[in-house]
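In the part that follows, the structures are each spelled out as structure tokens.
You will see two complexes here that share subunit A, one where it goes with subunit B and one where it goes with subunit C.
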Partner chain A sequence: MTPTRSQPIFLAVCVAGLVSLASPLGRQFLEASLVTHMLVQMPLLVFIGMGFGRISSAAAAPYVATWNRGGSTGLLLTLGVAMFWMLPRAMDAALVDMRFEAAKFVSLPVAGVALAWSYGQASPIVKGVLNAHVVSALGVMGWAYMAAPVRLCNAYLASDQEMAGAGLLAAGAVTAAYFAMRIVFFGATRSRYIRTSSASDDASIVAY
Partner chain B sequence: MTDIALDAHRAPRDTGGVPALGGVKLTLALSGAVIVLMMLFGLTMKLAQGGLVAVEPIYFYQVMTAHGIGMVGAAGLTGAAIMWFFLARYVALTGWVYNAMLGLSLAGVVCILASIFVWGFAGAWTFLYPLPAQSGGVWEPGAAAIYLLGLMLVGVGFLLFYLETGRALIQRYGSLGRAMGWPLLLTGEQDDVPPPTVVASAVVTLFNGLGIVVGAAVIGISLINLYAPEFAIDALLAKNMIYFFGHVFINASIYMAVIAVYEIIPQYTGRPWKTSRVFVGAWAATLLFVLAVYPHHLLQDTVMPGWAMVVGQVVSYASGIPLIAVTTFSLIAYLHRSGMRWDLASALLVTGVFGWSAGSIPAILDSMIVVNKVMHNTLWVPGHFHFYLLIGEVAMVWGFMAWLTRESTGERLAGASATSYAIYFTGGLGFVLLFLIAGASSVPRRWAVHEPAWIGIDHISVVFAALAIAGFAMFLVRFVRRAGTAP
Partner chain C sequence: MRIRPAIATALASTVVIVGGFLTIWQASDGFAAFTTETARRLAVERAPRPIPAVDIVTGTGMGVPLLSAGRPLLVEFVYTSCPTICTSLGQEFLQIQSALSARGLVDRVRLVSLSFDIERDTPARLAEYGRHHGADPVIWTVGRPRQANDLARLLVAFGVTVVPDGEGGFVHNAAIHYVGADGRLSRIFDLGEADSILAHLETAAP
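And then the complex of A and B:
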């Protein structure tokens, strides 16, 4: 992202968002229900991290380029963090153990930063696989939360779990529709990449 | 990117610039062999139903499962080979992706065959819940899991394939909407109108990409259910997801194969297949219809919402229009007084469009709720899909293979090629018509053992099936002998 006058405002919004989410009031409000914990707080932490990542990507590019070729390292980090926080056991732990809670507030924004630094570097095929995986994973997770015969999280009600499952299914449907609409109506015209040549080689993607 | 958009009607059999051409040829040879093998499986089932050979029902259902998934896989792979071959004329494709798709598909095939013939999975290719998990002791959950993992591998391979075609189309045309020709459809814009191959490829990329994602989700759910049965699936939801995925996938194989007709027939007629507003509109309608038509498989599920049933019936009626009114009518118009020279390739390609069109008519009839009530569980339905696959998709594929290995532009439909074509067409048409006759006579489908009153039709079917197999075997030998020397 090239430096602009709006960058400090964007940074302030991200910091304010992170502080709000981490405040006792914000935590109590969003962690009271599985739906808001899983579908609001955790995605917002990743989005805030992505905001930090966008602001810092140009400055960080020279340092991370050598060990993040094709965005592979960053994407693996993001996937690893996401896999961990998908576990009901991890969410339970965050509610009763401050070390897990702190880890959540650090790891999810870091995953967002890694995603922002890496997604644009990935080849279109890798991005497509990730996008498709997100849609099908949301569908499978949504079904699993709705179909589970027992409570998966000790801290939340069974009814909460069903609502979270429905929310995940809805998120999967919205995400699928978004990707479909984007490639049908916008496609490459929305690309943020700069290409050094007109060749089809993905290696030509060098920067945002 | 390098603009490689070329005249659609270049020199015959021009294979220059096709990435992974070896992979394409390997796909055709392997799929051809698989098709013949699966036809032998089909013949075995007919022989068993007719009481001519003794096959234990437990093995009958294994063979039926292998026949179904083998044919669907071969149809998908051959359709993908055709689409890749011709799409490479207009966009820059990356060869390793095709080879990765082929490798993953072959790995999936190994898993599927092992699950069936080593571990005894026999739950039909549709793996409908709860059969994979509740086999009554016929197979272990592990067998079903390996089958599903095999499907997953094939699905991942096809996902890579469509991501690559989608990437290349977007890179060349800016968006899939433009690649589908929507500016022409909506505003009449004539700038950079995509050729028919691009329009068809963009539509298939979009709808089969969606279908594969839904298929991946339901396979993932089924796998969890196998090992954690307490995670129950809503059976109706599972059936909807499976039929959405399955119906879209098998339709995609035909829509990919028809690209061979768009590209090759103009070489014979000397009349370019044009991208008109009607053509683009028909493909846009096809996009919606293919996604919305699958409920006609669920008309006997009385718990389905009424509106979904109505959609299934109405869209089934409508889905014939883009096909019959546009592709078939256009083909007839292009052929009329063109002075076209007939050889094996052109004969098979035209036959393919006939089989596709005619085969859809029994489907439209079956999608009427009142007809469906009495016909859907009869051999009428296999009659319909054998019609549009055996005489439709597969004919287009063999036509493409014959065109790819033509020895000279002066070949005629005579001698061995005419004989093989006559044997295949007689056998194939007779076989599918007997399926339809059996269905109209209320012979049930998926029964390993037939009543004495039904086996007369089975005996005649065996003769026609053997003829069709003989014809196909001749095509395959011709292709394999020539493929090594063709450019």
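And then the complex of A and C:
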């Protein structure tokens, strides 16, 4: 993001979002149900991280470009964090163990930062694979949560689990529609590649 | 000298992959347990957990010790107003009770239906639950912890999570817990595993 006058406001919104999510009231409210825990709180933490990442990506580029060519390190970090929090027992643990809860509030925003620093530098093939992976992961998880014969999280009701599954499927459908629209209306992949590849060249020039 | 980006990135990415793999390996007991319930079952098999020796109130209103020396227990958690899963648990216990009687293994084990609804499950309701499910008091005890403190200790020791469902009922891990003669929880069985339970009782030390 180029420095503009709106940037401090954007930063303030991200900080305020993080603080309210981490506040006891915010946690109690969103963690009472599996649906809001998984489909509101956790994505918001990643989005807030992406916000921080957008603001800081230009400043960070000289330091991280060498270690994050094509965005691969950052994208792998994001994938790893996402996979960890897809473990039903990790979510259960976050409810009863403060260490897990703290790890969640750190790792998800960090994953968002890594994603924002890295996605733009990825090659179109990597982006395509990632986009497809997100859609299929949401679909598979949604189906698993809806069809599971047992409760996956001890702390939540089975009806919550079905709703969360439906929510994941819906999120997958919306994501797929978004990617499809971008291709239809903007021919996204190609034009973005040209723009971002020049941006990453700039970054590597700075790095040398 | 500057490190080349290709090498630096390969290094950093490898660190992230290995770190992520190890973290998830650790957090899932070697990709064996993705849910808390599976993890609980693995944990007690690897390291049997001592169960607190508390008294339970039975249908007669009398207090009896939960653990009896030298006799293993099969414990299931229920609440008597449960319309669904506890009924299946009751049927499973009846099936095990009949099989034990038929094989002359009545003195080999005690069955305990343990209510966690200590507010509502009075001795009269516990007795009614036992009658309804055909519990033979010689082998099958229906009871509840005497006080909230004992209940909390039992739930922690067994690793059972009870969640109110918002309609006066509860959701809880439905399982049959094997507590050995040494008073330690060492196996957790699923509903529908009566055959495995019986086989386990026959092979376990009397």
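Remarks
Going forward, the second predicted complex is superposed on the first by the 187 of 208 C-alpha atoms of A that agree within 3 Å, B and C clash if a C-alpha of one lies under 4 Å from a C-alpha of the other, contacts with A are read in each partner's own complex, and residues count from 1 in each chain.
Following the convention adopted for this analysis, a contact is a pair of C-beta atoms (placed from the backbone, for glycine too) under 8 Å apart; a residue touches a chain by one contact, two chains touch by 3 or more.
Note that this is a predicted model, so its numbers are computed, not measured.
Applying the stated clash criterion after superposition on subunit A shows that subunit B and subunit C can sit side by side. When both complexes are overlaid on chain A, the residue A:154 reaches subunit C alone and has no touch with subunit B.
When the two complexes are overlaid on their common chain A, residue A:80 makes contact with subunit C while staying clear of subunit B. When the two structures are aligned on the shared chain, A:143 is found in touch with subunit B, with no touch to subunit C. After overlaying the two complexes on the shared chain, residue contacts for A:67 are found with subunit C alone; subunit B is out of touch. Touch criterion met: A:135 reaches subunit B, while subunit C stays clear of it.
Once the two complexes are laid over each other on the shared chain, residue contacts for A:183 go to subunit B alone; subunit C is not touched. Legend: residue contacts after superposition of the two complexes on their common chain; A:90 is shown touching subunit C, with no touch to subunit B. Measuring only between alpha carbons, the smallest separation of subunit B from subunit C in this overlay is 13 Å. Subunit A uses residues 150 to touch subunit B in one structure and subunit C in the other.
Against subunit B, the residues of subunit A that register as touching in their complex are 124-125, 128-129, 132, 135-137, 139-140, 143-144, 147-150, 172, 176, 180, 183-189, 198-200. Those residues of subunit B that touch subunit A in the complex are listed here as 1-2, 92, 94, 97, 159-160, 163-164, 166-168, 170-171, 173-178, 180, 206, 209-210, 212-214, 216-217, 220-221, 224, 230-234, 237.
On the side of subunit C, the complex with subunit A involves touching residues 2-3, 5-6, 8-9, 11-13, 16-17, 19-20, 23-24, 27-28, 33-39, 161, 163, 165, 171, 173.
Within the complex, the subunit A residues that touch subunit C are 65-70, 72-73, 76-77, 79-81, 83-84, 87-90, 92-93, 150-158, 204, 207-208.
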